[in-house]
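What follows is chain A paired twice: with chain B in the first complex and chain C in the second.
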Partner chain A sequence: MISSSSGLNELYSVSQENLADWLDRIQSSAKLIAHQEVGGILLYQPVSDSRQIAWTEARPTLSSKDAFFPPTEQLFTIQREGNNLTIVESEPVGKQVLFGIRPCDAQGIKALDALYLETDPADNYYQRRREATTIIGMACREMAPSCFCTSVGGAPDDSRFMDLMLYRGDDHYFLAVITDKGASLLSSFPLKSDLLEAESAAEQIKSYIPSRLPIEIPNQEDWPASFASPYWDEMSERCISCRICAYVCPTCRCFDVRDQLYPSENGTQVFERIRCWDSCTGTAYRRIAGGHNPRPEKGQRLRNRFFCKYYYYPAQYGPVACTGCGRCIDACPVGVDITEALSYVAQRGSLSDLDRSGA
Partner chain B sequence: MYEPKIIAYLCTWCSYTGADTAGIARLKSPANLRAVRVPCSGRVSPEIIMRTFDQGADGVLVLGCHIGECHYDSGNHRTAKRLPVLKTLMAYAGLEPQRLHLDWVSASEGERFSRIVNEFAESVRLLGPANYPVKSWAVHNVELPWAQSEPLDSLGFDIQSYAMREAAIRDYASQLLSESRVSCVIGYERSPRGRLRPAFIYTPEDASRLVWNPDCTHNLTLYLSEKIRDGGRAPGKKPDQNPASIGIVVKPCDSRAIQVQLAEQQIQREQVHIIGVTCEGIQAELDAYENQPVSGKARLQKRCQVCSERTPVVFDRLVGGTVSPELSGTDSYRAVDAIEALPPAERMEFWLSQFDRCIRCYACRQVCPSCDCPTCLYERDDSLWVGPASGSGGVGLNEARTFHLGRAFHLAGRCIGCDECERVCPMDIPISYLNRRLAQEVRERFGYTAGLAPVPSPIVTVLSREEGL
Partner chain C sequence: MADNGSNPLKPDLGYIAEVKDLGAEIKLFSVKLLNGGSEQFNYYHPGQFAFLSAFGIGEAPFGIASTNERSDLLDFAIQRLGSVTTGLHEMGEGDIIGMRGPLGNCFPMDRFQGKNLIVLGGGIGGAPLRPVIHTVIDHRQDYGHFSILWAARHPSLLVFTDEYDDWGSAPDTELHLTVDQPDTKWDHNIGLITDLLERVAPSPENAITITCGPPIMIHFVNKMLVEKFGFKPEQNYVTLEARMHCGIGKCGRCNLGEKLVCVDGPVFNMEEVGQMLESYL
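Then we have the complex of A and B:
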């Protein structure tokens, strides 16, 4: 039995039945979000019963960001009665537990933290959700062809941004306690498990974890040299200006804010302010009053997406806004591939290094 | 007693005056009827009607001038053609079609007006409220017989014949470019990582990048009007003074999209040079990263299993000389019948649970060769036809429904069934089941199939003599 006094970085063995039973107990007092098959696709979804959970290490279609940053979120309501305006802030849900989070998604949450949590002022809505959430990670035993987490500082077994970490073994799971938050979840909800001999267990886990040689990632200073390149117009010719890449991305975080009429009783007027996902690849993203669009070309929009991930965001907030999950590569209807853009910029960067050195 | 909300759209010339006539004659009208005066019943587009339902109406009445008496000559012809199709769509989406009624009332027919509105109000009262309670994210487990079980389950792909066609496409594209007969050839290529994708070829040398294999799923005609507008220029180049036409590689299904674009004057025939390729079908699991042609038997895409064409319907050059016999496909999915067989409430729940997954990426619209409005009606800043609060978690579910049903209606008689919208949907919303149902409706009602010839959809034309009411 693990309790809060259990040491961090110790490894436990736990069976799937015990995990399921544990999750069912958690579910009774917190919102449990886990892998679920919905309409034929795998998503992170609220589950009310552990039997709904899809026990898989496959990568869900959408990232786990909507647990903190939902596609549509009400910020507050405005009620008008006569000359009185009442503004009521919308409180996000209470405690939630995310189960089976992929390391790339956890890294995405970390990247979002840099903007929404660690940059002053913190985003209230994000912060409330973030603080009320415990993240239980699950290591990957396979890498999809489009995965490149190992190139951007991640790994299939990266537990840095988890509270608890699971690794699937052959007939049981390995469990590691990463943070105090994880330990306190275990103390509130005891989980039947056995302490393992750490070294040999770690060895065993290692044998399950896939590896992949990293692809070439440009240095941050390589990017400006590529800004004016005709490459962006060429590579974006096939882009259809949809927003899939941003919406499946664990770190894309742009939103649009609108006020709209809210269904209300006769006689009173209630408006709500909502925010919803937006994407720089859509045509209307940069359109301003009067109809002018400073970024009218597809090439400019796609370039912005890549520059944002690897140049603007790190410069402004620290972390790279790409975790190598590969979702945008798989989801793109027309085969736009971010890794091609990366290798182009990296190669151009190394050419300009030669220029600088006078070679 | 339950009192339904009824919105009546009345043509100002006839029906609105007819309502006045009824009033002057002191004929009784139901008190729950809200009249909206419109310039012509032709102005009452299906989007307005769907929006009316979304915002809480239980019944919608559209009254116009009698056919032949329209003050704008043929405005009511459009209403007469559109609304029955809209009723079919409503029924398919689980909304009783009896909630929408179209009729004709002239200025002098006060009595007729009174009778129609009273009868309609009574029938809607019997139907009850229009909105069923919907459980969010409740995936309705309807047994949908996918076309997988169709006899044409799989086809042996003949690698040799693909390679021959690929070589022919390359040769011909190279020839067209070197003779300057086209400024650009739109075709397929493999990305450096082996992924199949659209290619834009500007020089004869680059033609060797073109490929042809059972992964060529994209409907490239979506790029046609954009490329023509750009004068076929390569990225970063100035447009040609006298732009040559645009070459394009098309499958049989894609060629029908060209016919639709021609019919709707989006492009002119001389602006496009069509390289038609015979097709045995596209495989379902795209060969994403293997940089080699597929071998053996592969499962066909759903659409290809019911496809009836092997030869493009329009082309300047046909590639694939030995045309195999045409297929015996029915162009319709049995799942459409399965949905139709559900009770209305379950039908609505099925569709809402599908629309509820929508994340508004709009890839379905962006990838559609027939979605060619410069700015989508549903994304205009000024009209807010659908608010931004659609999708996920039940917020604005009606908005998602408005978008998907509205888009399906806009494609009635225009969708050629390439199912690209469904392929690209990251949330696997079965959009093709909407499109195919309406294609079937247009086929039955007007005897018309989109894209077989360059004639516009009968939904957007006036009534022919035979169709006169």
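Then we have the complex of A and C:
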């Protein structure tokens, strides 16, 4: 039995059956989000019974960002009766436990923290969800062809941004306690497990973890030299501005704000102010009232997406806003591949100024 | 913006104390916050902006067109262009409005003291310049020679016409008006603001320019100031417009390269604008 006094990085052995039982107990007092197959698609979804969980290490089609930053979120409700107007703050959120989070998704959460928690003013809505959430990670035992987390500081067994970390062995799971939050979940919900001899367990885990040679990632200072290149127009020719890349991305976080009106009841008009995901690859993203659009071309918009991830976001908030999950590569209907852009910028950046002017 | 633990996306409530027609589809709204509103509105500065909510439709950012020295109401000059501005135009005196702010940086008026100032406003772009004009006129001795170049496509789109006598009669102040599509009563200059600028021919000596208008106007005005009259880019200030949804650096909408118009601006000098990776045009 693990207690909250467990030291960090001790490893325990847990059976899937005991994990399932544990999750069922957690689920009775917190919202549990775990892998679930929905219409043949693997997603992070709220589950009400551990039997709904898909026990897999495959990468879900969508990231876990919506647990903190929902696609559509109510900011507040407004009630109007004549000229009397009341703004009602949205309900506080309850505790939630994310189970089976991939290292790339946890790294995405960390990247969002830099903007929403660590840059003043903190975003109230993100912050309260973040504080109410415990993250149980699961290491990947395989990498999809499009995965490149090892090129952007991540790894299939990266536990840095988890509260608890699981690794699947052959007939049991290995469990590591990473943070106090993780330890506190274990003390509230005891989990049947056995303490392992750390060194040999760590060796065993290592044998399950896939590796991949890193692709070429440009240095941050390499980016500006590529800004004015005709490359962006060429590579974006096939882009259809559908924005699926931002939808599946664990770090894309731009939003739109609008009001939603409901039919009035007894003379009281009720509407919600909501925010919803938006993406800089959309055609009207920067268009202002009156029609001026400073980013009318697809090349400019796609360039902004890549520059944001690797140049603007790190300059503004610190972390790179790409975790190498590869989802945008798989989701793009026309084959736009961020790793091609990375390779272009890296190669261009390695040219001397003289070579570049002749290129 | 001070972090006082409140929700920066939640507007303060106010009511429209006064509405005036300023021009064709342009109205001046004077807003009074309810219950004193946010204390932050006691300390706003020329160049800052605020989000106005037409509840049920949405919110949009507008430059504050008043100074808190002159008025305890907040003025916004609003042209009917999109859904929020249409919603605002349908509102009248006494109606409840939402307001968030003040947001963004401001014109460094203290650093402009002792300088000759040239203010160039185009159409509704004149709105955020009105606090600059009021500040200079109300502290006339603190600034050097003052030139106002005021332009619009058509006389009906010129804003603050009822103040021109005040502006033009302030000491050591000149007001120049131009439109490119005059009507029969028009007896001022005809042409673009750059035609007017060429005629006024300001000296860069100890001078600062402040421009707001459509991006294309900002571009050609600053090109002329630098290339024709020898101004350095850092002498030329602009306030930029961008689509935004939060005003506090979160929604991502208003980036110009790695700069955000909402928190790094909206006021920039052209030296800063020139260093941006991405064009505002």
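Definition applied: the second predicted complex is superposed on the first by the 347 of 359 C-alpha atoms of A that agree within 3 Å, B and C clash if a C-alpha of one lies under 4 Å from a C-alpha of the other, contacts with A are read in each partner's own complex, and residues count from 1 in each chain.
The rule is short, and it goes like this: contacts are C-beta pairs under 8 Å (C-beta built on N, C-alpha and C of every residue); 3 or more make two chains touch, one makes a residue touch a chain.
Owing to the predicted nature of the structure, the values given are computational and were not obtained by experimental measurement.
When the two complexes are overlaid on their common chain A, residue A:Ile244 makes contact with chain B while staying clear of chain C. Once the two complexes are overlaid on the shared chain, A:Asp256 sits against chain B and chain C alike. Contacts of A:Leu75 after superposition on the shared chain: chain C is touched, whereas chain B is not. Contacts of A:Pro294 after superposition on the shared chain: chain C is touched, whereas chain B is not.
Once the two complexes are overlaid on the shared chain, A:Asn83 sits against chain C while remaining clear of chain B. Chain A uses residues 256, 258, 287 to touch chain B in one structure and chain C in the other. Listing the residues of chain C that touch chain A in their complex gives 1, 3, 7-11, 13, 15, 53, 55-60, 81-82, 84-85, 94-96, 98, 214-215, 241-243, 245-246, 248-258, 260, 277-281.
The residues of chain B lying in touch with chain A in their complex are 137, 139, 191-193, 195-200, 218, 222-223, 235-236, 288-289, 353-354, 357, 359-363, 365-367, 379, 381, 384, 387-393, 395-396, 420, 423-424, 426-429.
Looking at the complex, you find that chain A touches chain B at residues 38-41, 45, 61-62, 66, 70-72, 74, 145, 230, 233-234, 237-238, 240-244, 247-248, 256, 258, 260, 274, 276-277, 279, 282, 284, 287, 299, 329-331, 333-337, 339-340. Chain A meets chain C in the complex at residues 75-76, 78, 80, 83, 85, 87, 89, 115-116, 119-125, 224, 227, 253-259, 261, 269, 271, 273, 275, 278, 280, 285-290, 292, 294, 304, 307-308, 311-312, 315-316.
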